[in-house]
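First chain A sits with chain B, and in the next complex the same chain sits with chain C.
The block that comes next holds the complex of A and B.
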């Protein structure tokens, strides 16, 4: 065993393969701890940042330098109000604003912005209004008259209930001429674009911008408003380890869960392939005669029928008919890929069994009167172990490539991330207009290449080390 | 005598394979739906089809293709229609399947045959370099690259290559329709047509070449290296023949045999292998037809396309068997 290990460790390619496989295995196992989003294709887990956000670390490159991250802060009023009698701090998160009759009090919250404009701008606060009909609260960012709150339902004013706490949310994504005086003041053809243009106008470049709440009392008595400190939040263009896709979902989560699924599927499929290949190969090689002839013809048939078209045809046909029996797509793909990929493995095992069967030690065992079963399981199968391990590793890349190909074509899994459908969606969105989302296109492809090469080298090392008869021809 | 026996055996084997493919087609497209209790005629009309009333179409198809007959009678009808290439009508294209396939076969051939030739040359040239520098850094780099290219997903790298050379650097046209028509939409003629078509096809052809040479390269290299240590090469060395001459004349002649076999197999599966490339580069070939058929759940198209692809594979494999004795005379004596 020790010699085996030493032999393995002396191979650079083996160390490379163990490192790569280990890395992806850790990613796959630790997926739930690495990311909070277990299925980023679900609508609820999208828009964690702006669509096509670059990875956070990419902001070291000059072309991404000023891109904003996701921002979520609570704004505080400028200190000047502390002394005035009209605005006072009720507690740490609430302001009390007293407005004399016929007067207006402005409370300004400075917002320090260090980046280029964000994807959207959201402001939220709770407003407790006086119990009268004669007031209005206006929201400004810089000079843009974004929102007007009043007890009377006259668009573009937004209705609030007098004398009660009202949660107020302003979002640039939701603005329309009916809820924003600024948008209503625009020419008609610009109104529908306002939600896209507003973030660029409100926060055009790094600087300090004022968010102003203006309290207007049109009544005849002094009124009191309570307002919580406004929370500011916006989705940014720099997010996480690997940015976001076209739906603003985390690419890192997709990558990690894709690795999890791909590894799981390919290992299970390889095990099934080995199982089928071992049974057919052993039967054909050891029993021989008519069994061999039939099984060999059967194997040749599956070997010579074009694989990918057959895969496409079978998936489609099962899809049409399977809607009735309601089969899980992932299981279906797993089964079909395994049932189509065993011939190569079976042929190799058959060939090896044939040569083993004619070796002297097997003949000796036969001469000693050992039963066929005993010879098979005591002498032949143990000597096949090297090949079995190697085939297990060799089959993994094939399965990953086949499954990814199906997903890429949109014929496979679409409900949750796999490397294949990540590539499919990513490359469908590669265009001259939105540029090349490298943080989205590259990881799954590189993942497939690296894990395939790693498993290939792993298999080669296993074959070299475990095969007792030195199949490598030394 | 040995030659005739070899040829007879091969021909019988390939005919048996063809029959097996026919039966397999029948099983997938006729028996499977029947097991699930679906009238195959229902499958012949895609769900998205909007045209004639569905039930009338289904009845007409039933009558035309005998789909309401018992399975055993249907078997002979189906086999006969496949053998005579009566593959039915594609409802999503509203054309006979055989017409669609006949249109697309040359396109795929134009794509694959040049790349097959190029990649074989590439594999042999790199292989010769590897053999002559066995174990040195150049050999390792070439072998690693060959293995790497084998595992690169075609659909991934293809899209990246298309983006950079087509859209970003604008070296190659990216749209077949734009490439072969004039600005006002008329089809180009004569030399300009072919020149522009080949300009469009250059990128996919080069791409297929690069991702497919790996297997043949490794095959050629391993064979060559094994031969370089064999007895007959030692004998040639002892006779004082130069290493160059041994490599280029004797070893290459022998090492190229498995490469030729492999080229034959690749040729047989050529229509199967370029599904992704046709999908990415938007080339209307057989592979793309298959994907469209699958997307539209167009069963006659799927069945016909799959059958033609398998049929082509069988024919090429048979042709390979027939010319194999010329390449490797040793098979006569086996």
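The block that comes next holds the complex of A and C.
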């Protein structure tokens, strides 16, 4: 055992393969701990940042330099109000605003902005108004008159209930001429573009911008308003380890869960392939004669079927009937790939069994009085171990490629991320991206390449080390 | 006592039929070392394998203590397998090199359940290793086959056979792969086995001088037929068949003065085409006559322990 390990460790390619496979295995196993989003294709897990957000670390590159991250802060009023009697701190998160009759009090919250404009701007606060009909509260960012709150609204004013706490949310995504005085003031053709243009106008570049709440009392008595400190939040253009896709979903989550699924599927499929291949190859090679002829013809038949077209046809057929028998698509793909991929493995195992069967030590075992079964399991199968491990490893990339191919074409799994899906969707959307969404395309692409190479090296190392008769150059 | 009668083994390829054994009868009597000699392709190895039921003949039978070995089943077959062993030419090929030497030798014990527990098995293995001269046996037992030299590994292969206490051993060129220096040691193991346990041995070789050293009787084979057999002394002193004479002449003798005593046999420079019905050897035979070309000679006795298939006698 020790010798085996030493043999393996002396190969640089083996070490490379172990490192790469280990890396992806850790990603796959630790996926739930690495990312909170277990299926970024579900709507609830999208828009964690702006669509096509670059990875956070990519902001070191000049072209991504000023892109904002996701920002979520609570604004505080400027210090100027400390002394005046009109605005006072009720508690740590609530302000009390006292407005004399017929007067207006403005409360300004400075917003320090260090980046270029974000994807959207959201402001939220809770407002408790006096129990009268005679007031109005207006929201400004810089000079833009974004929102007007009133107990008797005339559009674009928005209703508030007097004397009660009213949660108020302003979002550039939701503005329309009916709820925003600024949008209503725009020419008609510009109104529908307001939600795209507003973030750029509100926060055009780094600097300090004022968010102002203006409390208007049109009544005849002094009134008191309570308002929580407004929360500011916006989705940024730089997000996480690997940015976002076209739906603003985390690419890192997709990559990690893609690795998890691809590895799992390919290992199970490889095991099935080896299982079928071993049984058929061993039987054909060891029993020989008519059995060999029959099994070999059977294998040839499967070998000559053009794989991908049949795969596509079968998936399409079963997918339609699948709604009736309710077969999981992943299981379906697993079974079809396995059942179409075993012939090569079976042929290789058959060939190896044939040469082993005719070796002198097998005849020597017969001469010792060993039964056929004992020879098979004591001498033939152990000597096949190298080939078996190698085939197991060689089949993994094959399965990953087949599965990714199906997903890429949109015929495979669509409900959750796989590497093939990522590549497929990225290809569909890449022309809309400013430039090239490398953070979306490269991880699954390189992942497939690296894991294929790693498994190939792993298999070759296993083949060399575990096959005693290979070592001597036979 | 094992006896092959009129054994015929034909190998067919697509268009050629090779007659590896063409009516060969041999007998190995108790406590006898019998040599089979002949050139490559003469059917020696096939004969050994057929005697041990490792190769099915198309005709003839092998009798082991009066029983036809091809019809043995169940317990009798297992007993036959245990009592009759084979040693191959190339020990590296004949041993599964994944296994440790201990497991190689213990394999037979396990198959035939000769040991009732682990200690007994270990003792048997160690004894076998000591018997074939592998000392210290503990060290050899736990080494891997590719850590041993050819001679050492051949001893392991012999130990694997001897541990089963066989009554008959086919030794298929057991020393031809080995250095001259270790050959005698290996041959001594066989001699001792015969003397101590009365084991019958069929020694297959292409080197007739080896047989002079060890064999009681010798069969000379040529192209699937026995052309001469007799006691080793008679056959070596007075070889009758021209082919046997040629074989003996070919043995190198280190002392030049000895060479003068040798009878010299010429071999025809130009071989004739074999006509398919005559004596197999006539194309190369310097004494070939017309009768040789027409019919194959039968094996017939020139004395009580010397038989030859040649029209000269």
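By our rule, the second predicted complex is superposed on the first by the 468 of 474 C-alpha atoms of A that agree within 3 Å, B and C clash if a C-alpha of one lies under 4 Å from a C-alpha of the other, contacts with A are read in each partner's own complex, and residues count from 1 in each chain.
The definition used in the following text is that a contact is a pair of C-beta atoms (placed from the backbone, for glycine too) under 8 Å apart; a residue touches a chain by one contact, two chains touch by 3 or more.
Just so you know, these numbers come straight off a predicted model, no measurement behind them.
Asker: Can A:312 be said to touch chain B (first), chain C (second), both, or neither?
Answerer: In the superposed model, A:312 contacts chain B only, not chain C.
Asker: Under the stated touch criterion, which partner chain does A:368 make contact with: chain B (first), chain C (second), both, or neither?
Answerer: After superposition on chain A, A:368 lies in contact with chain C alone.
Asker: By the touch definition at the top of the document, which applies to A:201: first (chain B), second (chain C), both, or neither?
Answerer: neither
Asker: Look at A:397 in the shared chain and tell me whether it touches chain B only, chain C only, both, or neither; answer first, second, both or neither.
Answerer: In the superposed model, A:397 contacts chain B only, not chain C.
Asker: Identify the partner contact of A:268: answer first if only chain B is touched, second if only chain C is, both if each is, neither if none is.
Answerer: neither
Asker: Taking the superposition on A as described, I'd like to know which of chain B and chain C A:335 touches: first, second, both or neither.
Answerer: Neither: A:335 stays clear of chain B and chain C.
Asker: Figure out whether A:379 sits in contact with chain B (first) or chain C (second), or with both, or with neither.
Answerer: In the superposed model, A:379 contacts chain C only, not chain B.
Asker: For A:58, select first, second, both or neither according to whether it touches chain B, chain C, the two together, or no partner.
Answerer: Touch status of A:58: no partner.
Asker: Chain A residues touched by both chain B and chain C?
Answerer: Common to the two interfaces on chain A: nothing.
Asker: Can you tell me which positions in chain C touch chain A when the two form their complex?
Answerer: 49, 52, 54, 77-78, 81-82, 84-86, 88, 90, 93-98, 107-108, 111-112, 146, 157, 160, 164
Asker: Across the complex, what residues on chain A touch chain B?
Answerer: Interface residues on chain A, with respect to chain B: 297, 300-301, 304-310, 312-317, 319-321, 324-325, 397, 401, 404-405, 408-411, 423-424, 427, 430-432, 436, 441, 444-445, 448-449, 452-453, 456, 473.
Asker: So in the complex, the part of chain A that touches chain C is made up of which residues?
Answerer: Residue list for chain A touching chain C: 359-361, 363-370, 374, 378-379, 382-383, 468-469, 472.
Asker: Could you please specify the touching residues of chain B with respect to chain A in the complex?
Answerer: Within the complex, chain B contacts chain A at residues 16-17, 20-21, 24, 28-29, 32-33, 36-38, 43, 147-148, 151-153, 155-157, 159-160, 163, 167-168, 226, 268-269, 271-273, 275-276, 279-280, 287, 290-291, 293-295, 297, 299, 302-303, 305-306, 309-310, 313-314, 317.
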